[in-house]
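The structures considered in this document are given below.
Two complexes come next, and they have one chain in common, subunit A, joined by subunit B in the first and subunit C in the second.
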Partner chain A sequence: MSDILGDAGRAKGLGRAEANSIGAIFSHRLWIRELDPRVRIVAVFVFSICVVQLDKLLPLGIAFLGGLFLLLQARMPFVTSLKRVLTVDSFIILLLVMLPFTTPGTEMASVFGFSASYEGLRQAIVILLRANAIVMASLALLATIDAVTFGQALAKLKVPERLVHLLLFTVRYVEVLHAEYLRLKTAMKCRGFAPGNNLHTYKSVGYLVGMLLIRSFERSERILMAMKCRGFNGQFHLLKDFDYTRRDLTFSMIACLFVLSLLALEMLHVVAA
Partner chain B sequence: MSLLLETDKLSYAYHGSAPCLSGASLALEEGERVGLVGDNGVGKSTFLQVLVGLYKSHDGRITAFGQDFVTEEDFIQLRRRVGLVFQDPDDQLFCPTVKEDIAFGPLNLGYSRAEADAIVEETLALLNLSHLKERVTHRLSGGQKRLVALATVIAMKPDILLLDEPTNDLDEKTRIRLIEILLSLPQAMIIVSHDRAFREKVVTRTVKMENGQIF
Partner chain C sequence: MHIVDGALSNEVLIVGSAMSAVGIVVGLRKLTMDLIPAAGVLSATFFVASLIHVPLGFSSVHLILNGLAGIILGWAAFPALFVALLLQAVFFAFGGISVLGVNTLNIAAPAVLVGLMVNPFLIRTTSSSLAAVFGGFAGALAIALTTLFVALALGFSGDNFALQAKIVFVAHIPIMIIEGLLSAAAIYLIHKVKPELLHAMNKGGAR
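Presenting the complex of A and B:
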């Protein structure tokens, strides 16, 4: 316990000292970023499943605050995080606006002759809290793991090998493909190509996409050949090892306690009701 | 000097195109570094790929280490002793980190993890690349990628190295480094390169490919 609190305190002090410097944002002394990625993945997974089960406002509110706490502790750049949270919210905004009007119940207000119900409003708030608690926890715990480490951690968690390698290959080659796309695009621009709403544009973009597909296909064949040259026999080897430290143990226990408390609160409400 | 590898009248045509190799013969002796030149698209890369059985020669014979190689099983054995370094290092480096990429070959050869780790250290030290060990492969610079690609093949301890345009997009410093490295290696090599100055420093003889044959 002293471990985590001490470090969080140090991180806070550090944040104040260099509030505006990149050093503070990417500092290694931020405890969340030092946690074992496996612990972080499992924690988010369990937390998400638990939050989806919650239906009462009190435990949901606490879960929401928990997510917010983690997000603040992860010290992500504020504007970027806000944008990401809002992106997710934009997916459900229509649902949230419609719910009060479509759920039958006690009338709360009426707009243009359509009546909104308290039950619908409550439902909307429940969904909003649920979604945001999960998004914030994921942002804090998962978005701070880089993609390669994420894949390696998934492999250690016994996620099917094929999925892990699909992810790792994507991470590896998406930049190569992107560079290829940029090269082709620049070459097109250099020959005076200006996209517009005409057949020539559609045709040219079609060629561009087709060329990218062919090139990726050929590249994949060359990669397989290069792998064969090094004795590839269908087996991949991941060498990364993770350490499960005392800090991870402490975090796991606190996370367990938190999730159990949320579930207990939900149950108590049910019994009381 | 003893004969390491010999090809006799290899021929190959990509599906539906004119033959790209027609009777390509070459002999490689121990300690030799043969430069292979020829116009673009004449089939130099194809020749190297046919040599290690990635494409199967339509006729002719590939002999190495006193043995004929015909079936895929044969070529799997051959590829352990003949290392091909691809033209584009992005084709070769596919693992997340440099360490994993270099260990990939040795692990496939059946070395244990500890042995593979030792080979990784040894190879990186040999090429003076130890500082790159934990780096993520796709974030390396072009020159670093090329040297690491070479390291991944050297880690398999082949007897023969096949290099396809090894000096492409290298800066002067890395190019000199590569020349030093190649001169220090004991392996016999076949090097495809358009770079005359590079060939003059590295190869022991040069052969030319024309009309699908090697002269």
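Presenting the complex of A and C:
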């Protein structure tokens, strides 16, 4: 499996090699990883759509805790997942930091003559809570599925077959091409290439990308020929069958209840206000 | 330039997802089975390219290269970039789940537009330098359009985002230049070494 894609879902304290054997022993503690991938995908999808609707701090806080609970239950490595949760795009951080200053409302503080409003701060907090609740839930439930199973599960969820094929091909070759990229990069380093803020760097990296594209295109031609030799007629056989077990039923019901009560809390607040 | 979950209004999310869905369907129709290996491998290449950082000032930026993707993949850039964004959202937690449609539209629509604009000239030209000029133009324009789309998505979601939308655009001007230069160099090389790659998606795929 692809290392780049696989890294995200590795359990705490388990190396790649041990993951399989030790993982089996502790499987009762990693119940999230035993759930039907289809259930997990649908759950995260519904959860994220609902969380985006929330605007009150109480249900948002509960949703955030729900995400955190899932993250802890999945036994994701805490520090690395925290880093992932925190690495939102720097531009988004800029957006959030500026929100208090661009939203009109009660003045809270003033920095260099710009006044910050409580309303803006509140909106920034709302966005942060929503984003993090969803990121944690999806890291816990989705990043723990391996990428190929993820594609197979999407196919079972009636995602168009060609899209799934495209996804599976991409997953298969991300790792190969990453290795190719590292090789080209090493070769450049050996020839004394040091990146900097200059035209030479941009030109060289452009050639690197161009070479990467050419090589992968040639690779894809070889792949197609090899596949045709083996009688490829445009049909990948998606053989994996998933079981919808009692555990999945319980999880779906609890998840439904959780999401519904979040929405109810939100509505209740509206009425109360 | 991934927008996170929770920042956009419902209207923007729904319109963006619907438009992305249309783009993906059109792109998939053009993808015959013979083209899927090429599209998949190229989609993986663009995924890897987004891990490449180039220095900019005291910091560094990662590449998007949607202009190049549009030139090489045409309409297939829509599903290909969607797949790359989906994998990033699910396995790296970059971007979000509910905004996946909007993020796809922001990156893939400029790619397809630029590809359609530049390709007729690129295929005809015999001079690699001229091809590089077209490539650079496409690379810079694609990023400009992407930032414009991001700014619009933010602007439509709330008036208090207006200033941020402008800042996003101005802050991306250096990135437009870098992507333009990189795309120009990449297209120059491809035109010299493997010009077939420029119409890879047209063979047998044109209907």
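Note that the second predicted complex is superposed on the first by the 209 of 273 C-alpha atoms of A that agree within 3 Å, B and C clash if a C-alpha of one lies under 4 Å from a C-alpha of the other, contacts with A are read in each partner's own complex, and residues count from 1 in each chain.
In the analysis below, a contact is a pair of C-beta atoms (placed from the backbone, for glycine too) under 8 Å apart; a residue touches a chain by one contact, two chains touch by 3 or more.
Values in this document were obtained by computation on a predicted structure and should not be read as measured data.
**Student:** On the A-aligned overlay, A:237 touches which partner chain: subunit B = first, subunit C = second, or both, or neither?
**Tutor:** first
**Student:** Going by the contact rule set out at the top, does A:223 touch subunit B (first), subunit C (second), both, or neither?
**Tutor:** both
**Student:** Looking at the overlay, what does A:212 touch: subunit B (first), subunit C (second), both, or neither?
**Tutor:** second
**Student:** What is the contact status of A:102 with respect to subunit B (first) and subunit C (second): first, second, both, or neither?
**Tutor:** second
**Student:** Which partner, subunit B or subunit C, is in contact with more residues of subunit A?
**Tutor:** Higher number of touched subunit A residues: C.
**Student:** After the superposition on A, what does A:148 contact: first (subunit B), second (subunit C), both or neither?
**Tutor:** Only subunit B is touched by A:148; subunit C is not.
**Student:** Looking at A:177, would you say it contacts subunit B, subunit C, both, or neither? Reply first, second, both or neither.
**Tutor:** A:177 contacts subunit C only, not subunit B.
**Student:** Should A:52 be classified as contacting the first partner (subunit B), the second (subunit C), both, or neither?
**Tutor:** A:52 sits against subunit C, while subunit B stays out of touch.
**Student:** Subunit A residues touched by both subunit B and subunit C?
**Tutor:** 168-169, 171-173, 176, 219, 223, 227, 232-233
**Student:** In the complex, go through subunit B and note every residue touching subunit A.
**Tutor:** Contacts found on subunit B: 49, 52, 54, 76, 79-80, 83-84, 86, 88, 90-92, 94-97, 99-100, 103-105, 107-109, 113, 117, 136-138, 152-153, 156.
**Student:** Would you tell me which residues of subunit A are touching subunit C in their complex?
**Tutor:** Within the complex, subunit A contacts subunit C at residues 4-5, 8-9, 44-45, 48-49, 51-53, 84-85, 87-89, 91-92, 94-95, 98-99, 102-104, 120, 123, 126-131, 134-135, 138-139, 142-143, 147, 150, 160, 162-163, 165-174, 176-178, 181, 195-197, 199, 201-214, 216-221, 223-224, 227, 232-234.
**Student:** In the complex of these two chains, what residues of subunit C are touching subunit A?
**Tutor:** 1-7, 10, 13, 24-25, 28, 31-34, 36-45, 47-49, 51-52, 54-57, 63, 65, 68, 72, 79-80, 82-84, 86-87, 89-94, 96-98, 154, 160-164, 167-168, 171, 178, 181-190, 193-194, 196-197, 200
**Student:** Give every residue of subunit A touching subunit B within the complex, in rising order.
**Tutor:** 148, 151-152, 168-169, 171-173, 175-176, 219, 222-223, 225-233, 235, 237-240
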